[in-house]
Structure formats: C-alpha cells, structure tokens
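Both complexes below contain subunit A, partnered by subunit B and then by subunit C.
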Partner chain A sequence: MGNPAPGQPSQQDWILGDTDAIIQLLACDKLSLLKVLRSQYGILTVIPEPVEIELRNLVKNRRFQDVHQRLTKAFNNGLLTILQEAALSPLVGVNTHEAFERIERLGEKFRRLGVGSGEAYAHAAGIELSLPVLSNDGKAINVLMAY
Partner chain B sequence: MLRDLVTLTNVEPKFWASVFNVAPEQFYEWMSGTRHIPKYILPELASVFGVQPSDIEKNQFEGGELQPAIWYKLRSIPSVSSTADLEMVGMVRKLCFNFGELQSFLSRTTGAYEGVFQRVRSAIDKAAPVISQAREAARMFRAEMGWETGGTAIGDFIRPVLRKIGIVIVESPVPDSLIEGCSFRVKSTHDIACVFANSYQSTWFRRNSVILHEICHGIFDLEGEPVSVDYRRETSDDISERRANLFAQECLVPKAVLVYLVNRFGIHWERLSAKNLASLIAGSKAEQRLVLRAALSHKMITPDQHDEYLKFDCAADLKKLSPQALTTREFLATVPHDQHKWFFQDRFVKIGGRGLLLPVGFLKIVIELLSADRITIDKAAELTMMDRYTFQERFRQMLPEAA
Partner chain C sequence: MANGATLPGPFLRTFDVLVFGRQIAVLDDNDCDKARQELTKRNEGITSCFVGRSFADGLQNFNPRLIDGAAPIIGATHPMHPYDSRRLIVCAK
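Up next, the complex of A and B:
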C-alpha cells in the first residue's frame, strides 16, 4: 500500500485472517510466513474477534493440541492482532466507532447469509476497510456472491 | 449478568462454554467482565438462557426481576435437580436456536405450528370433560396435519410433519436423567417450539406417544408456563397430564385406526394372542400399553382382558413385523455396514461430557444446503455444534466435492 495522500488518513498495511487459514498455518508450524509479511513487507495480520474466539476454542481440540502454545505465542508477540475499534484510526480517521459498527452489522448480515462467524466478520472487515482477506475457503465468497 | 445467569442454571460454566463453542477461559472472562461479550454471540446466549440479548450486558439481575422463567422453573422442580437434566435442556435449547437459523436459510421465518396450536386451543372448551377435550383436540390436530385419513397409522409421519411446521423434535439418550420428555419454546430468528424425548431405554413406539404428549402440553400448557417436564413412570392425576395422555392416545390410536386394524388382521379380542397384539402394535405404531388402553376406552376389551393382555410378551413377534422394534445392534445388522456410522456415530455430537444425537432431518437439511453452496462448511459445523474438521471428516462422502 502506498503513501497516504495529503489530508487523508494514513494507510496501514494489514491483512485479515480467517480461522481456517490461521489454524492451518499454526498446525503446519508455518506462522513464519506471517513473520515474513510483517518484517519484510510491514504487513500486520489482523483477526476479527469471532476468529480469535474460534481459534482459542479450536486449539482446545485434541486434534490441535500441539498448536495451543503457538497460538498463545502469536498473540503475545503481536504476530496476530485482534481487530479493535481503537486501532482503526489509521485506516478510517476519527470515525472509528462508526466503522467498527459497520463491520459488526455487515458481519452479522453475512452470518445470516450462511457463512460461519469467523469468516463472516473477516470478510465484512475486508470489505469495510478495503483490506485483503487471508482465507483458504472460496466457498464463503461463493455463498456471499450469490446474494 | 452472565455470571448470575450461569449461577441460576446450576450448570458449570465449562459446560456452557462448550455449548457456545467458546474456550472455557474466554467464557470465564465474559462472566467476570474482564472482557466484553461480543455482540454477535448475544442472541445465542439470550436464547439459551431465556432472556433478552440486552439483558446479558446488564451488570446485575435488577433485584431478581430478570431471572429467566425457564431456569427458575427447572430449578424449582425437585426431580430436575440432576446435572444431566439441566445440561440436556441447555444443549437442546442451543440446537433449537440453530434450527431457527437453519430455517431462516430456507426462508421459513415463522413457525406454522403457532397457528395450528392456536386454532386447536381456541376450539376446545376447557370446561368440558378431559376426555372430550383430548378427543376433540386430537381430531382437530390430526386434521390440521393431514392425518385424518381413516385407518392409517401416523407413527411414521409424526417427526417429518411436525418438523415441517417448525417444531424441533430431539430424541437422544440421556442415561442419567429421569426426564422422559419435555417441551419448551426458544427464541431464535423466530419462536421455535421444541419437544425432547429421552431415548434411553425407550422404544420408538413409546416415543411416538411421548412426542404427542408433549405436543399437547405445547398446545394447552405452554402459554403460561416456560417449560413442561415429564418423568419416567410418572402417574400424575393432574388435568393437563391426563389430557396430554389421552391426546397422545387419540392421535395415535383413534377408534378408526383400531377398528381398521382389527378388521385387517381378523382380531378376536376375547382370544387375543401375543402375535395378534404384536400385529396391532406394529400396525398402529403405538406401544402395547397404549393400544390396550385405547381398546379399553373404546370398550373393545374388559378391564380384566386389559390387565391380562398387558402381561403378553410381544417383543419377538413385533421384531418380525416392524424394524422399529429392533435393538440398535439388530437394526444395524439389516443395513449395509457403510451406513452404520450415519445412523448413530456421525449424528452424535459431544458437548462438554454429554452426547446429543442430532435429528436426521436437521442434519439432512444442513448437508443439502452445504451441497448446494447455500452455506459454508464453517456454518454447517456451527449449526451442528461440531468443529469444521470433525464435520468434514464425517460427511465428506456425502458432499459433491471435498470442501
């Protein structure tokens, strides 16, 4: 992402993650890819709260028991950041509350269209903030495009 | 408020975390208020706990006025003290919430059952004798459901037809529960009526009666009550219980059905054999006790004959006549091995330490919507209370392509 135009809010280089994409990276111990994005390209991986909830719950699953620590570490060292209202100002200026509300409303709408909570809010944030979404399930896009 | 609600239910927070698919630590954080509860999950919490979404965010109970009636009532029933009962109600309420969401994907946002219940309820004279109330209500209900067709037994149609009018029927084994059946309403995208029948040490024939018994409570008794609970071997003389028993009997074995079966099988009541009785049970899709009670109430047998025939062991003959009479193991021996998992294992979800058998019809709709790209695999997993990987593993072969 380029430099912001004068008078415009400064752009931030973010990529939004959905649950499945992040859990696959965790399971394969490939979070180093996110580290590369951050250190070499300045791109931060951000996840909406429903994705965080899903991830924290999934790592309780016996299937993912090895990745529990990796997830905790990723949150602690900022490799994964939870999308919060206050952090939106570089992207949307002073209207962070309105922007966050719009994401929540769109996320809720997407959930009602047949998409899981995590992916609904990841795509909603992607649309509202004009940011790319890291996902490995194209079906969510198909479902949403159908409406 | 969430902490107060959890305390009121008498169910461990860890179990609730599992119901709502949240890590226990995170649920504790919501309870303690150290983290806010995300807005998107408020409707689920509110629906299961029986309050308004805005109530969950309140700091306190407001002097107890916000105590949800259903949990208050469940706690006040001495026999519903076991954790199993309370956890089961919690799981089923969550399933009902999901059923409401599922219906919204099918553009069904109103429960047709409400109109049916209302019409039946308003047509019945509550001052009339209980038997008259039950007979008239059953006759009307059968007509509303399209079941007024002479001697045809309705046992096979109960579940799909009730589901079609928006009622969730859950039959799942809860071994350590005394509850045989219960019914309540849940707020989802619209009001959902739910009937639960405990399938542990129960038969399909028995559950036909339990389901209709609970439907009767839904029609007459759930207007002013948050929940109706019935126990195994309950012998209440209460009007609502007698009406519900008679309603179930009149729905399943009205005189027309009994007369038709008697003629069809050439039954002579005075020399009834166990084999004859098995034919009547298989034909009416009702349990032995109910068939005989119906025959007695229609004066086809004497009280002495009733007592004598009640002792008949019809199990072996019934198994030859009806697949529903087979035990799980016997039934599985009749179907191809590759379908075994679908019947039980794949429908079984584990929530906390407790299992819940998902209704076949519910699961089929989820898979159909997923196959048609109407919902994603994550949504399918949410609705069926599994994680996406378990869902994928179990149903991969039923989907057109691996998602």
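Up next, the complex of A and C:
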C-alpha cells in the first residue's frame, strides 16, 4: 500500500456514504460532523456516483428542497467526495481500473437484487476496498448477506 | 455467492455520527435531540431506540459503532444489535 499525499488522509481513512444517511445528516443540519471527522481524524467521506445522483435528485423534491444549498456546498468544498477510479491507487496499487470495474459489476449485481442503487454501490465499494459504510438500511445489508 | 456477500462493515448509521459528535463534545444532548426531532418531523426512519424518546433516553439503549478511542464512552455498553460488534474506533490526529 502506498503512502497518501502529504496532508491527505490515507484510503484506509475513508467512510463510504450512502444516500439515506447523508440526506439525514443534511436534513438535521449536522453534516458538519463529517467535517470534524475529516479535519480532526483524517477521515474522508466518499460517495459512489450513484449516491451523488440520488442525493441531487432528492434535493429537487419538495421534501428536501430546503437542504439543496447545504448539499451543493458539501460537494463544492469537498466534504463529500465522489469515488473515482484514479483515487484508488493508494489502496489497490496500479490496478485501479480493475478494482473500479469490480465495484461497478458488484454494484450492478446488488442493484439487481432489489437493493437501492446508492446502497448497492456503497456496499460494493465497501467490499472491494474493505471500508466502513455509512448507511441506515439494515434491510439492504440483510438482503446482500442472504442472497 | 450462494451464501451471500461478505460485507466487511462496520455499518454506521446516522445516529452513530450524531452520538460520535456527542461523545467528543462537539454536540450536547440538546443538539442531538433537535436533530432527532427534525428527522422525526420529516418522517425519516430513525434508529428504534430513539423513536418516541428523547436523545438522552434513547442513548441508554444505543451501542455506538463509531467511537473516539480516547474519549469517554457513552451509550449502551453491550451490543444491542448483531452489527454493533463491528465498530470503527478512531483517534484524533
């Protein structure tokens, strides 16, 4: 495993965020706790692209319209980072493309089991990268463990 | 994978993050209870021990999965759920 760039947390210090938990932290205006995790503990919150899409869609709905600006700010200031192939190298070495493809394939497989798109890819990345997942959906975990 | 996927966890919940904030004294009980009330008001699903109870009351039955290893532990001391044993213990840098 390579070393992270100076000042950057290592990949081991990532949490993979799922839509339901992130939207709740936005809704109760406590996303700042993720900032504390990043600044004081070096833990970055990373979200797969399907989670980003779900979040951006959710804040268009009336129910979460009021947190639209909070979400935009979180993306703009890097509090929520999108999982990208190039960022995987410290954890998986040079085989970032293969690792990212495995996440994509597993995420799609999970999604076809009826698990929501965001949680499917968050858990797929959690498996591939051995990272904690921030997700309230215990049902999805049970489905994935039981299939 | 006939026996299901091996999900490594830990599986953190919204309330793990809130309780973590309370553990490291970034939030107090009142802050956390306001968050609980806001989620309830929005009909969001919340961890069962906090349903219909104040944050302080619910905390007694909540075994945190995100923990600052150097701060005093709060919440239930024993696992209340099968996944509670998978914890993320962190230290400030």
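Assume the second predicted complex is superposed on the first by the 135 of 147 C-alpha atoms of A that agree within 3 Å, B and C clash if a C-alpha of one lies under 4 Å from a C-alpha of the other, contacts with A are read in each partner's own complex, and residues count from 1 in each chain.
By definition in this document, a contact is a pair of C-beta atoms (placed from the backbone, for glycine too) under 8 Å apart; a residue touches a chain by one contact, two chains touch by 3 or more.
Predicted, not measured: the structure shown is a model, and the values here were computed from it.
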Superposed partners subunit B and subunit C on subunit A - clash or fit: fit
Which of subunit B and subunit C A:Gly126 touches, first, second, both or neither: second
Contacts of A:Leu25 with subunit B and subunit C, given as first, second, both or neither: second
Partner chain(s) touched by A:Val115 [first = subunit B, second = subunit C, both, neither]: first
Touched partner set for A:Ile53, first subunit B, second subunit C, both or neither: first
First, second, both or neither for A:Gln40, with subunit B first and subunit C second: second
Subunit B versus subunit C - smallest C-alpha distance in the overlay, whole Å: 7
Common interface positions of subunit A, toward subunit B and toward subunit C: 20, 63, 146
Interface residues, subunit A side, partner subunit C - complex: 15, 20-21, 24-25, 27-30, 33-34, 36-37, 40-43, 63, 106, 110, 123, 126-127, 130-136, 138, 141, 144-147
In the complex, subunit C residues that touch subunit A: 1, 4-14, 16-18, 20-21, 24, 26-27, 31, 34-36, 38-39, 42, 44-45, 47, 68, 83, 88, 90-93
Touching residues (chain side subunit B, partner subunit A) in the complex: 21-26, 38-41, 101, 104-105, 369, 373-379, 381-382, 387-389, 403
Complex contact set, residues of subunit A against subunit B: 19-20, 49-50, 53-54, 56-61, 63, 104, 107-108, 111-112, 114-119, 121, 137, 139-140, 142-143, 146
